[in-house]
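Following this line, the structures themselves.
Below, subunit A partners subunit B and then partners subunit C, in two separate complexes.
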Partner chain A sequence: MALKHKTPMVDELMSGPWPSFVADIKRLAERKPQCDDLLGLLELSYRDKEGHWKHGGIVGVFGYGGGVIGRYCDRPDLFPNVAHFHTLRVNQPASKFYTTDVLRKLCDIWEEKGSGLFNFHGSTGDIILLGTTTDQLEPVFYDLTHELGMDLGGSGSNLRTPSCCVGRARCEWSCLDTQDLTYDLTMRYQDELHRPMFPYKFKFKVSGCPNDCVAAIARADCSIIGTWRDNIRIDQEAVRAYVGGELVPNGGAHGFEKRPLDIQAEVIDKCPTKCMEWDGKNLKIWDEECVRCMHCINVMPRALRPGEDVGATILVGAKAPILEGAQLSSVVIPFMKMEPPYEEFHEFVEKMWDWWMEHGKNRERLGELIQRLGMREFLKVTGLKPDPRMVNTPRYNPYIFFDPADVPGGWERDTKAFRERHQP
Partner chain B sequence: MAQKVEFKGKVFEVDEDGFIQSFDQWCPEWVEFVKQSEGIEELTEGHWKVIHMLQDYYQKHGIAPMVRILTKVTGYKLKEIYELFPSGPGKGACKMAGLPKPTGCV
Partner chain C sequence: MPFDPNDIMKDRLTDIGPPKFDKFFPPIVKKNYGKWKYHEIIQPGVLVHVSETGDELYSVRVGTPRLVSVDFIREVCEIADKYCDGYVRWTTRNNIEFLVSDKSKLQPLIDDLKSRDNRFPIGGTGACITNIVHTQGWVHCHTPAIDASGIVKSVMDELYEYFCSHKLPAQVRISLACCLNMCGAVHCSDIAILGVHRKPPFIEHDRVQNVCEIPLVIAACPTAAIKPKKVEIDGKEYKSVEINNARCMFCGNCYTMCPALPIADGQGDGAAIWVGGKVSNSRVPPKFSKLAVPYIPNEPPRWPTIVQTIKKIVETYASDARRYERIGEWIDRIGWERFFEKTGLEFRHEHIDDYRLAMTTWRTTTQFKW
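And then the complex of A and B:
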């Protein structure tokens, strides 16, 4: 069937070597008129060099303040099938494990009640259902919750859908049960997830080890990254097997051929704190110097493993640039045991949120509030003790502003007595 | 795209999300008109308390209050506000109070 709109500029995107969303949408456009109009609208935007989606739009389902993002195009006269093209965010299962049955049902629901287009997954991790009309929102929501046991995710100024790496389900390095923690946070904070109450968005991301496969440190207001506080476990025999060329280094990630590992160049010299030594027979690690960069473990996964006393490092404040520039999370709790029922963590989170909700300006992320009011304030409200490991850039600024309450006598000085001891 | 709707002899200009185009058009009939599509059967004192608070704040500051201020001033927990206005403070309560559509970032 011929499509209604000619889209020569958009079609160019199909000419490269990679799969193209244009080809995907065209395939669906043969039976979904909104997909045809969607491409037509995009072509118009390319021609005019400006977007044709209106900003914002406020639609939703009863009981929830988030999860649906209103989209309207500003040329409904030309593209009536995308006059409404709302997006739904659907909370993905932890680590994104699905059965094919669920995926088929999801596709059926969305093809019937929406455009049939998905994003698997949006950058927060949700399944994104792209494009439906206002009258279909409640029916889709009903089907998701009643037929699939799925729920909407977060959008707007609320807790965004928590997400995690694959964790212990498939990864031997995971220092915590990332899926369990993600589920726990999702269920405990349902109110915060569905009913926007924060100054701005808030994201949790959980990585099982410092490889940080979900990039929690760069993307989450509160990053939970697995770590250990004892020693890296070493299998000396396996280290020798790597050096002797019996095992494939890097778990085969950089080529499957067996070759002798140049342990000095590829591991020892690459250690950021130079805390390792190889005497030709045995590997020695000074664990007190280790900064958990994971490099040695990644290169020799059969020989080295994280320690056994595991937990997580909690970092806060990452965000993309909006008000201030982009920022990575920084450490606030160097080590916390992460086992159910996670009470210590909940307590920390709730104190942090109370403070942010009280003092945060509209659209101010937690990291920006900490920048504005200071880390000292943040530590005070969360009841954390300052620790050298919280220092983000140790050589940058050596000054510390003490709280007057922590200094004997505060800032008051007897200048007269001082002058008796010191001439001007 | 503004559309006109008529209710009890009054004409309202609304946008695609059903918000009235300007606060000057607001009148109690508007609330009566919108309540059904907002999932509200009977208007109670609680509804009016929230609506009046939103209007007072808007007239003073020119914008809708943040959710935290709304809950603080009215004394309602956010959950109670959702019980009053099932589609929430932004979409439900602000629409009924005649405030301009909250611009949100997704």
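And then the complex of A and C:
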């Protein structure tokens, strides 16, 4: 079947060594008119150098205030099959393992009731079903819940779908059970995930170690990053094997040739606190000076492993620039044991949310509220004590908001006594 | 019971959440959960994880365009059924991992993936350029300044050799966001491509009061450039707004709140390039990406200037950085003056911050290089 729209510019993206989304969509466009129109619309954007989608209207499934993003094209006259082209966000299983059985069923549902196109996956982690009409939203939701045991993810001013790294499923460095915690948070907070009750979006991301493979520190309002309190486990035999050139450094990440590792230059000199020493036979680590950056472990994965007293560092407030500028998350709980049933963590989360919901302005992220009302206030409402691990440096401006409770007599002054001591 | 459009509450299931994470684990992952001991990359894109139980799990990582069809997913399923007992997973950077516990299946799997034209490029491990994380662009977003998938395809075509090798000084994470909302949170990437607008929004006075909450629009502007205003058109008075264009920093937040303030413009829009960010804590703390090029016009369908600019940055870094140095660590060592000199990129007014906390980025020492 010949496609309706000529797309000469878009077609130029069919060639080249990287897989082509155009070639992929084209094979589906043979039997899905939405895909044909989508490519036609994209060609128009390539000509105009402007997008052709409008703001979403209020569409969704009954009882939910998120998970569906309304999308309408601004040239329905030319591309009627994508006039309404709504997105559904489907909550991925934590760390994104699938069986082919469930994927095939998902494909069958989505080919029948939608465009047949996905984002696998969206930036937050959901499976994105890209493009359907309003009348198909309830049927798709019914099939997802009944046939696949799947549910919608978050959008708008909801809790967004929590996500995590591969964790203990296939990584030796994970200091907490990232999937289990992600699943726990997702299930405990289904109401917050599906119904907007926050000032703005809220993201949890869980990384098993300070390598932070889900970029939790850059993009989660609450970043949970695995760490340990005891000593790096050392296999001295394996350290000697790296130095002797019997093992490939970095697990091959920096080249596959077996070469003697220059442990001084490649490990010890790169250590941010210089807490290691190599005497030609043994590697000594002064663990009390270690800041757990992961570099030495990354370089010698057969010889070094994180300690066994594991847990997580909790940081809050990361966000992209809109509105007050980009922020990284800041440490508020240097260490928390992260074991089921995670009661201590839930308690922290709920105190934090109560404060944010009470004081946050419309579209104010947690990190911005903390900036506006102060970290002191945040620590107070969450019951946390100040700790030097929370700052890169103490303040260097002298404008300290002293608490009247800490000053003898508070802020009351005996003006008469003052004037008896000092003539005007 | 099939869906009944006349009674949507019948048998309704809500708030069931996602499938539990271990429901789709391959048996070897279930058995060795939490017991993995070490890993090795045996060739670009192919990892082996070794467990304390002695089990070995091979993962073959392939890049995808992220925007994929049911046909593509079905092809993935066909491969996973043939070699991986029907299991497959995705990474956080839009790569697929085919997992095999039986080493004899590894080479046939690799050969099969290679036989399918260019659809399953193997790589994305180690000191490489792995897949670009990106947003929707002109394919499906209402606020973009650039396309996403087309630029990503063009950049990855040009840098393909770095996806399939470990020859860079360290990993280079590239990401793309098609506007400042940054759904993709690209602000801590080694190289970020960011869609930017350069013309203030125009005001459709006759629509504003019908489609926007004016107080919310005013509150949405971070520089307080928007004020309420009554406007008369053809003898009819409309409640609308006025914009102090000199204060506009082109964030697009007002357009997000109000569709009657269109900001996109074919001539004005394009991409800024940012460099030197990272999220891992390895060696040095996480860093924001900093501005390298303030503006490159949209050049569909292949965006040659963006592609060549990124290639130039990557190649300069590759030839100049020391082993393990991420782009940001390399620049910290050589200095920004050297970065601009070595890459040949022009240093302009736009590079000097003039927003809040700008002074924290100005040079407050006599230490610099000639």
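Note that in this section the second predicted complex is superposed on the first by the 389 of 424 C-alpha atoms of A that agree within 3 Å, B and C clash if a C-alpha of one lies under 4 Å from a C-alpha of the other, contacts with A are read in each partner's own complex, and residues count from 1 in each chain.
Assume a residue touches a chain if its C-beta (ideal position, glycine included) is under 8 Å from a C-beta of that chain, and two chains touch if they have at least 3 such contacts.
Computed from a prediction, not measured in an experiment: that's the story for all the values here.
Enquirer: With both complexes superposed on chain A, which partner does A:156 reach: first (subunit B), second (subunit C), both or neither?
Expert: A:156: touches subunit B, not subunit C.
Enquirer: Going by the contact rule stated at the top, is it subunit B or subunit C that touches a larger number of residues on subunit A?
Expert: Ranking subunit B and subunit C by residues of subunit A touched puts C first.
Enquirer: Is A:197 in contact with subunit B, with subunit C, with both, or with neither (first, second, both, neither)?
Expert: In the superposed model, A:197 contacts subunit B only, not subunit C.
Enquirer: Kindly classify A:63 by the partners it touches after superposition: subunit B alone (first), subunit C alone (second), both, or neither?
Expert: Both partners, subunit B and subunit C.
Enquirer: Going by the contact rule set out at the top, does A:266 touch subunit B (first), subunit C (second), both, or neither?
Expert: In the superposition, A:266 touches subunit C alone.
Enquirer: Does subunit B (first) or subunit C (second) touch A:302, or do both, or does neither?
Expert: The answer is second: A:302 touches subunit C but not subunit B.
Enquirer: So, does A:183 touch the first partner subunit B, the second partner subunit C, both, or neither?
Expert: The second partner, subunit C, only.
Enquirer: Should A:117 be classified as contacting the first partner (subunit B), the second (subunit C), both, or neither?
Expert: second
Enquirer: Check whether A:323 is in contact with subunit B, with subunit C, with both or with neither, and answer first, second, both or neither.
Expert: The answer is second: A:323 touches subunit C but not subunit B.
Enquirer: Does the superposition put A:55 against subunit B (first), subunit C (second), both, or neither?
Expert: Once the two structures are laid over each other on A, A:55 reaches both partners.
Enquirer: Across the two complexes, find the residues of subunit A that touch subunit B and also touch subunit C.
Expert: 55-56, 62-64, 87, 191, 362-363
Enquirer: Considering the complex alone, what residue numbers of subunit B touch subunit A?
Expert: Touching subunit A from subunit B are residues 1, 16-17, 19, 39, 66-68, 71, 78-79, 82, 86-91, 101-106.
Enquirer: Spell out the part of subunit A that touches subunit B in their complex, as residue ranges.
Expert: Residue list for subunit A touching subunit B: 55-65, 69-70, 72, 76, 84, 87, 155-157, 191, 195-197, 199-201, 357-358, 362-363.
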